[in-house]
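Order as written gives the chain letters A, B, C and D; numbering starts at 1 within each chain.
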Amino acid sequence: MKAIVIHAAKDLRIEDQDIADPSAGEVQIAMAAGGICGSDLHYYNHGGFGDIRLKQPMVLGHEVAGHITKLGAGVTGLSVGQLVAVSPSRPCGACRYCLEGAANHCLNMRFYGSAMPFPHIQGAFRQVLNADVSQCAVADGLSAAEAAMAEPLAVTLHATRRAGPMLGKSVLVTGCGPIGILSIIAARRAGADHIVATDLSDFTLAMAKQVGADEVINTGHDPHGLDRFRAQKGSFDVLYECSGAAPALAAAIHAMRPRGVIVQLGLGGDMTLPVQALTAKELSLIGSFRFHEEFFTGVSLMQKRLVDVRPLITQTVTLADAEQGFKLASDRSRAVKVQIAFE
Amino acid sequence: MKAIVIHAAKDLRIEDQDIADPSAGEVQIAMAAGGICGSDLHYYNHGGFGDIRLKQPMVLGHEVAGHITKLGAGVTGLSVGQLVAVSPSRPCGACRYCLEGAANHCLNMRFYGSAMPFPHIQGAFRQVLNADVSQCAVADGLSAAEAAMAEPLAVTLHATRRAGPMLGKSVLVTGCGPIGILSIIAARRAGADHIVATDLSDFTLAMAKQVGADEVINTGHDPHGLDRFRAQKGSFDVLYECSGAAPALAAAIHAMRPRGVIVQLGLGGDMTLPVQALTAKELSLIGSFRFHEEFFTGVSLMQKRLVDVRPLITQTVTLADAEQGFKLASDRSRAVKVQIAFE
Amino acid sequence: MKAIVIHAAKDLRIEDQDIADPSAGEVQIAMAAGGICGSDLHYYNHGGFGDIRLKQPMVLGHEVAGHITKLGAGVTGLSVGQLVAVSPSRPCGACRYCLEGAANHCLNMRFYGSAMPFPHIQGAFRQVLNADVSQCAVADGLSAAEAAMAEPLAVTLHATRRAGPMLGKSVLVTGCGPIGILSIIAARRAGADHIVATDLSDFTLAMAKQVGADEVINTGHDPHGLDRFRAQKGSFDVLYECSGAAPALAAAIHAMRPRGVIVQLGLGGDMTLPVQALTAKELSLIGSFRFHEEFFTGVSLMQKRLVDVRPLITQTVTLADAEQGFKLASDRSRAVKVQIAFE
Amino acid sequence: MKAIVIHAAKDLRIEDQDIADPSAGEVQIAMAAGGICGSDLHYYNHGGFGDIRLKQPMVLGHEVAGHITKLGAGVTGLSVGQLVAVSPSRPCGACRYCLEGAANHCLNMRFYGSAMPFPHIQGAFRQVLNADVSQCAVADGLSAAEAAMAEPLAVTLHATRRAGPMLGKSVLVTGCGPIGILSIIAARRAGADHIVATDLSDFTLAMAKQVGADEVINTGHDPHGLDRFRAQKGSFDVLYECSGAAPALAAAIHAMRPRGVIVQLGLGGDMTLPVQALTAKELSLIGSFRFHEEFFTGVSLMQKRLVDVRPLITQTVTLADAEQGFKLASDRSRAVKVQIAFE
């Protein structure tokens, strides 16, 4: 079987790997669809991000879905042929954070396609994957492409929980890549009222509108576009910060109303921020990182058509063209989510 | 102009009343639609409920919408001809609870059509109503009938906020009168995943299904219908208790999962409850009473079609037939929400 | 070694039992002090409570401390001779509730001295106990008697967390048995301002005063003693309900202010409650059941003298006189906490 | 009567002003004690801070207490001779934030001694002050010096509420000026377990120890002193950031445990922060600004000796020596809180 392996920045290879049998409690999956994520792009374009750097070849990918082809010993409740979305989140289930219900902070996390520990955790962009039953969400009624969106959707559902009450709230989303677009969808699903989105790309802002934003602002063309929300100490109850760009966050801080909540999803290293304004308005800047049980929530919401992620999938490439997909996905003027078809 | 006045149980009269000019800060409204609420029915059928008893004639009604016909001095931002939903919530804005953001507990509340203080607070089932600008939500794009649903919708939006996080939750609704049905809608809008509803009427359960419940149980036909949710210490994260019936709440307590949240909307006097089970599961039984700013949230959500209340309005009667409407509204086998057309 | 075994109501025996070696990960403890709890008394006086009934002989006891006498294989960080408080809470660490940080709802809990599952979970009133390292809190600087108070203290620390913000709050405690007295201490430690306590016993109310209650009311002598707190919709922000008596809770509901929080600790089977008043005031009735990590918090707070439980220990009996201790502990006119000295 | 007026940086004058009679609802107060706050020092040393600059002469001071000398019309419940702590927080009671229970964000706030609006809000460092009854907390049993500490104490009580659950928590305090020291006291009062404090001054760290910090670290002498708290993703549940210094906050972020809460009290303009670490750990950085009802809570806690602020008052100067007091207060190697005696 073939896998997509990153060796260094811009050195992406499609390599043959052996297929192992599924262990007890595992299923074997013929991969169908895999979405390219921002972190995959960081490895591809820069060999890592921040302190996290590639130190050995690593299979990329953590947004995947496929069909079960084999059951390991003792597996019940799943059957060959079923489509499953596969969660890349593999906490140990035994450390202090796992036992506090904070599995995303597991001290021994083995998240697919991550260079954080060494040896790196190999990813899921491979034609055949053995996964634990606990990672599999049966995705009846969904396409493989939709099912592969469960992972980034889960990121935004988790962020929505972190953000607190959403019903009737006024929401700002800064940065309309896949996570920003899904944040709009998640905020709406959780009852947000007025939603404003900002980005530098008209392409992604058009999609923001399509999935439900009430207003969009291209802060490249209109750098003071948020200023009109600053009256009476500010307007927005909630901000999903998805850009990782300090100027976006700084401008948004001034548009937030007192005691507003900023949920920080964008990863952007050090940022210089107007902390005095944040303090005087008593804003809360709350980090949101990955997810855990929200993966299953997302699949369920998609199955009931309470969430529709299909508009985001702007391009699909074959496994052979995977590198082309990575280039496309890096271009926010043309792409939101690019997926790889493994079949 | 005519008004609907309750004198005692079963003594409902349509009476002529004088029309006053709107005071400064008020608008005059030609009433269009008025919904009959459970508390109206209590006055009509029983002359009150619990300790709250009619002591003098009182205009009923607090779910109303109409068109502005006149502006009092100093009114800006509203214009003649506009449809407005009128909030019956009139807190003083100065007592300790108002200043804590708990206006629904105002020590000097003047809620339309309420026999709580004496003299009673006269209601809004009248052809002409003068209301304060702060009570009026412009309802462009809605019908008057929908706009008159803003009040019971607000009750359930408030309850939803009281209930806490809803995204992806498993929800039970006991009692599918108008408040139960709207609770289903509100829970779904706030991101609930699986919703189960119970009632004794197949008619209202059919509507529960129609507005989005995933499962319904007629506990009259199937008294142990909730038992299968009791495995592994219980299933539901959230309960909207809308029946005010102790057996419904008691059965639901056993179906709740540990640390689940019960939001109590139904008013039913004293109730005998399995408090030991509630304690051992660490459930939270949280009262929810009326609403305040959620009235405006509800109008906005309806205007965006994020909430659709139209299916609930099962019958509309003319002002002349108002008493017939009260009888209809008391019959859960045929009616959910009965409205009076005032025009 | 000897253990205190309950066979049926009023049939308490001191029996010889074999001593096993500590397993890997365990320590062997020479028991020093054991406190008699309300649930021990229920088994002794009534053979159980509610649906939970004795079906086989069971060693009682779950409030214990003693000195380490032997280390099982692989034990590090503890040494022979140390005084340890032993937590009776033994969750499985693997079920859904354990992984949500709600270990007290473990589906496989083995809590000392509990007839809940069958076979029953044998308790800790025994001269020699083997306990897992994870149950042991080193209690340097405390007496064994104090260390044995860690368990009921933990119950009230957990309740305090369930009750929410406490700083500057006005607090009512109904029922001044050991849990009520410790609730006063815990509420004060968490920053409560004004604390009022009620009971039927002047003896326990005197202790309530001693540990810091600002006011006490004997509702036997003064049944309307709480009425003066009912003005302006009520006075108390927080209630610790420790009596399990419906009249106490009902009276307290009327003395609570809107949106107040009632944390229910007392176990009293079915209770008839003024749910309409609870609903209209939007009170929260929140169950609190046992504890988990608060056990260790309690030991630490005692060690720093931030909490002083010593006044509660009103009597100590020898192992030979254990039954006398059970009788004493049942008499609220003379006793708060009765302990057994095992050495 | 004399008042302390700032005209520009380093231009502090003691000037004569007229005495007005108290209006209806006001009392006249002979000032007894006034504490010099960090913002007073900013005006004195720099003519303002951040965007807030002196544009006209302004009486300084907002931490004051004195004795009532005269009652305005209609005043009841207060009497001549009483010692009162005077809250400088004067919200309008009518704007949206006041009605949401967020009076500290009042759109029309008139906080004593603040150059924020123009004309500036004159302060309370004056021999005679007329104050509204609602600002006055009767301080029986306290010295005037203690009563004048109610204001900074309230700042930290408010921050403690913002910080969320404190019982048994591990707390870090960065910056041990008066607000840092009072944060230690407030955190302890709210049930914190282990408290660590950092600063650059051994003098203030000695006071941190005296009021209850378990450990102190002089990060000037020991710049990596917090590193040992970084194991296992970090140690502290809660941080009170009282320094306003980006390096202190950045170092603390790495010592916080996942999902920890940082309450930001220090005002330091723009700060460059490791937002990626904050995000990956899902920390919450929460602003805390002033206070409102906590002023009265603080007086009550002091009266019950549940909080003791007396150790902080390191120096007291006469009104004639006020400028000397400002110089002293600027020197963290010798002073924590410097007060002016007005009598």
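General remarks:
In this section, contacts are C-beta pairs under 8 Å (C-beta built on N, C-alpha and C of every residue); 3 or more make two chains touch, one makes a residue touch a chain.
Computed from a predicted structure; not experimentally measured.
Looking for a copy of the A-B interface in B-D, C-D or A-D, one arrives at C-D, which has over half of the same contact pairs by residue number.
More inter-chain C-beta contacts link the pair C-D than the other of A-C and C-D. Across the assembly, the mean Cα position most removed from that of chain A is the one of C. Spacing of chain A relative to chain C, judged by their CA centroids, is 45 angstrom.
Distance between chain C and chain D, defined via averaged C-alpha coordinates, is recorded as 39 Å.
Counting partner chains per residue, chain A shows two or more touched chains at residues 102.
Against chain D, the residues of chain C that register as touching in their complex are 157, 160-161, 164-168, 186, 188-191, 193-194, 214, 294, 297, 300-301, 304, 306. Chain D contributes residues 50, 96-97, 102, 104-105, 107, 162, 232-233, 249, 258-259, 264-276, 278-289 to its touches with chain A in the complex. Touching chain D in their complex are the following residues of chain B: 93-94, 98-103.
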